[in-house]
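Two complexes follow with chain A in common, the first pairing it with chain B and the second with chain C.
This part shows the complex of A and B:
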């Protein structure tokens, strides 16, 4: 540490100190400016278009939108095909990722320090950093080309499931580490079989942590657009068949953005998507804040 | 250990094995898909700046996109550093444990939750006209616009980890410095920064890794020109944005070239992220 001379230049040092505090406050406020501007703009421009048909009708085609615009009416239709598609894709991704994520997380917790589990942990870390567009490319090669032979909801789900997997693995392991070891020891001492210790002790006592991890990973994948462009493509109708091209809310936003006739719809759809993601985010933070042990 | 316990153990092991298969399969598919492009162009694929899909004279090089990715991400990192550093100090030092700090950190966390495509829209409809208004670029598209949006997107990643590290600096050290008459700013630069340096650097490296792979926002703002950008306000393309833009009409050699770009992006992000995680592991 530098030796700090006192008294002789304390005035200029105090001034510098205050200026620096000013800089810190200025940049901190500058950092939160975008979120206020973005949320504000989406609410102002998007709220007017949100009504019942927004949730119950499918997106209009470009001709309908053009006619409505020419007559000065609001653009008809909604994003029902996107909402149902998003539900289908995300639920399927969760069904694939959650069991394997939790099993792997438990495995890592149970075998700490082992070479194999360190490798698995490192792979999970690398997977977490893989850009989502690259996942889209890979799943295109796997599922679109070889399994469903067309763009499909299944392909989108696989790409999102690979995004969820590392998040769930790491949150499961971290949550389990917070459980007092005595709980498990007590169960072992009573002669409870291993699988029952996992199902009746480890999972229930870490439930809120696991749930937080799951909700955060879902909120992370809900808004993903890039991998879906390469895997599910989009669909103007509501589709529940996982082997067919399917729409999703982010894909609809992309479609509206590229179609000058439907551009007005991007604001309400984006408001809906962002509201949903942020709500999920806040709920998961609440759960983890309420139940965390430390 | 009885049988049912063994079965449970093997079951857990088998479950964990899936992630190995997935990761191995990913590398295998990317390399396999990229082979035709590398076979045709060799290492020249990486250094060539020529991207010409005209049939019969097809030629693909990844350099414009590698350059675009690096320039936008470095720019984003440089823009985000003062903001992230100030926010960390605000939350973890100056206003630690006060309501205003928790409001600020919640808002910054929310930045991480906004979907990339929404950032792209905001960049297109709000930031781009502003940049045109400033006269920086005629259309508002380009490296600079993308860099700003990327900076906003990576700030929460850069701050959340540095916050934890800054909080961990021992109070005794700070108190000792204060008792010598050091000001707040002197404590920050002579005690906190030296102590937390490697953790802060690691958090910026991880944030940089995020910027490398961001797709939608950049695709909407960079201008989609297949050339090496010559200035900050020039248009260009990144590795992620060229895949997003050109995948739809790609097959044959072009598809293979895009997959090869995906492979390169995969390698670069994996290296950057591993470096960041490595520093963190050394800390704990």
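This part shows the complex of A and C:
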């Protein structure tokens, strides 16, 4: 009885299939809708402020913004102090986090199931869940209060480096796991010393994966504001001294938000930050697609 | 291995060259770029400080970073000695000052008004007396067509619209000034709610920061709240005329705020100027202060650093800087207060010796 019913309904199964396909496509589109709306809104509101001086000049003061607004002009100045500050802080954070992250990742890959590697893996996972504002507070106590005795770029990069670490560790471990075991066995069979296996075989053949992990962790920390508010303070000028307060793009957005005369600059700065992070993400996707292990 | 060594050598040579040339560059204009100061605190006075510090950099080359952390966090940073000075809209009480690691001094820099901003379609201006103001924020008057409101606003046609009170959700010097005033005019407020940077509100909704309250008011029909006057000016939000102690309805103009600051000033500048008795004073006004340590030799700070700090604050009292305050809708300091401030700055020392002559 049942069998006959199914046979008779092969047409209705096709329709059901189509309905479900439609639902799946609809919900998928719904998921990507926010990103399209966000980017659209940012472009519409922010593009008017973006010009050459946006990248070459420092943030304006309230008076300049007020005068420009009263005359109906675009607000002068740009976010050069934020861009250079972000670069300084992120590069420092990367310099601190990458060696530790990759070496720890290699250790986790080389000693799976050992007691210490399990503990380290768990700690890395817990570290990933620590809220960024808590990291800001801790680094305030460690670095701002006791090392630089001042808000500083160094403190900001320490807090961001701690955020980067778990991402790099886990992505390194996962990437190395994907390398065929035969590659390592071949090297061992040829009598290659162990450190050379790591340096000449493991790292080069997983290079794209490592780079992807690093780029993703950088784009993850690029927009962080909370830890920077507690550690780098902001700076009205371009600053390359790591022991001094330094600005960053997310900090500038917060500052513009707090000043009624500069709200227009929020949109252009957000557009820039969003574009930067998106570009990094796309680059990392490209790299991992191009250099995937054959 | 050899390759790596050569590479390392090249890199070291390159970086040492670079840092060498950099040093030369800074030596040439050493006096101009060496000193940089940092400060944090009040968001209320933030636009004034940032603009003034930038002007001071153009004049002298002393660079100041000011972080908009809020008054409370600014004082915390000063206590931890990670900033050169902090900005605050509320002065330290004797107990709070005793809690600091060393004696501090307060220097009043300008004053500002807290506007009662509102959003009722078709109405640009209303009058509020002490009783109605207290009743609205205590949640006793809940509709715009209340008889008490109508009585003091003859000629204004109020709609039948519920009042939504908007207040700050974060700790704030603006709340401190507002609640200080409310405690002075309403016994019920004083007993139930009191004075503070963050309060237990009987009614209404909270919003974060002055921008948050300003945004909530402009987007909520029937709302009323208190914001720093520069936000109401910049975003063109309607504000109420408030009845002062002398019985006049006053708008929060620069002149009216200045009038409130002309009263008696104690030698340490720690005074609230709310509910001033001057006939043309706006009653919800307050000073904002820079707070710094009286003894500047701490944490290995150099004499240059201490001198730059004190000279910057001294310059903030000059007509040039006070003019910037006025352009940004803050009330400049009366001459009498400037004299008191300057006397206070002369008591600031480095290793026991006064910094300013």
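Basically, the second predicted complex is superposed on the first by the 257 of 294 C-alpha atoms of A that agree within 3 Å, B and C clash if a C-alpha of one lies under 4 Å from a C-alpha of the other, contacts with A are read in each partner's own complex, and residues count from 1 in each chain.
In the analysis below, a contact is a pair of C-beta atoms (placed from the backbone, for glycine too) under 8 Å apart; a residue touches a chain by one contact, two chains touch by 3 or more.
Predicted model, so just to flag it, every value in this text is computed and none were measured.
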Larger contact residue set on chain A - chain B or chain C: B
Which of chain B and chain C A:25 touches, first, second, both or neither: first
Partner chain in contact with A:144 - chain B first, chain C second, else both or neither: second
Touching partner for A:189 - first (chain B), second (chain C), both, neither: neither
Touching partner for A:254 - first (chain B), second (chain C), both, neither: both
Contacts of A:108 with chain B and chain C, given as first, second, both or neither: first
First, second, both or neither for A:63, with chain B first and chain C second: second
First, second, both or neither for A:229, with chain B first and chain C second: both
Partner chain(s) touched by A:162 [first = chain B, second = chain C, both, neither]: first
Residues of chain A at both interfaces, chain B in one complex, chain C in the other: 229, 254, 257
Chain C-touching residues of chain A, taken from the complex the two chains share: 61-63, 66, 144-145, 149-151, 229, 233-237, 239, 244-245, 254-255, 257-261
Chain C residues within the chain A interface of the complex: 36, 38, 40, 43, 46-48, 50-51, 53-55, 57, 63-69, 77, 80-83, 209-211, 214, 230-231, 233-235, 299-300, 324, 327-328
List of chain B residues in touch with chain A within their complex: 2, 4-5, 7-9, 11-13, 15-16, 18-20, 22-23, 25-26, 29-30, 32-33, 82-87, 89-90, 94, 104, 106-111, 113-122, 124-126, 152, 155, 177, 180-186, 188, 190-191, 194, 206, 209, 212-216, 219-220, 240, 243-244, 247-248, 258-259, 262, 265-266, 269-270, 272-274, 277
Chain B contact footprint on chain A (complex, rising order): 1-2, 4, 6, 10, 13-14, 16-17, 20-21, 23-28, 30-32, 34-38, 41-42, 99-100, 103-104, 106-108, 110, 117, 119-120, 122-138, 140-142, 162, 165-166, 169, 193-195, 198, 219, 222-226, 229-230, 250, 253-254, 257, 266, 270, 273-274, 277-278, 281, 285
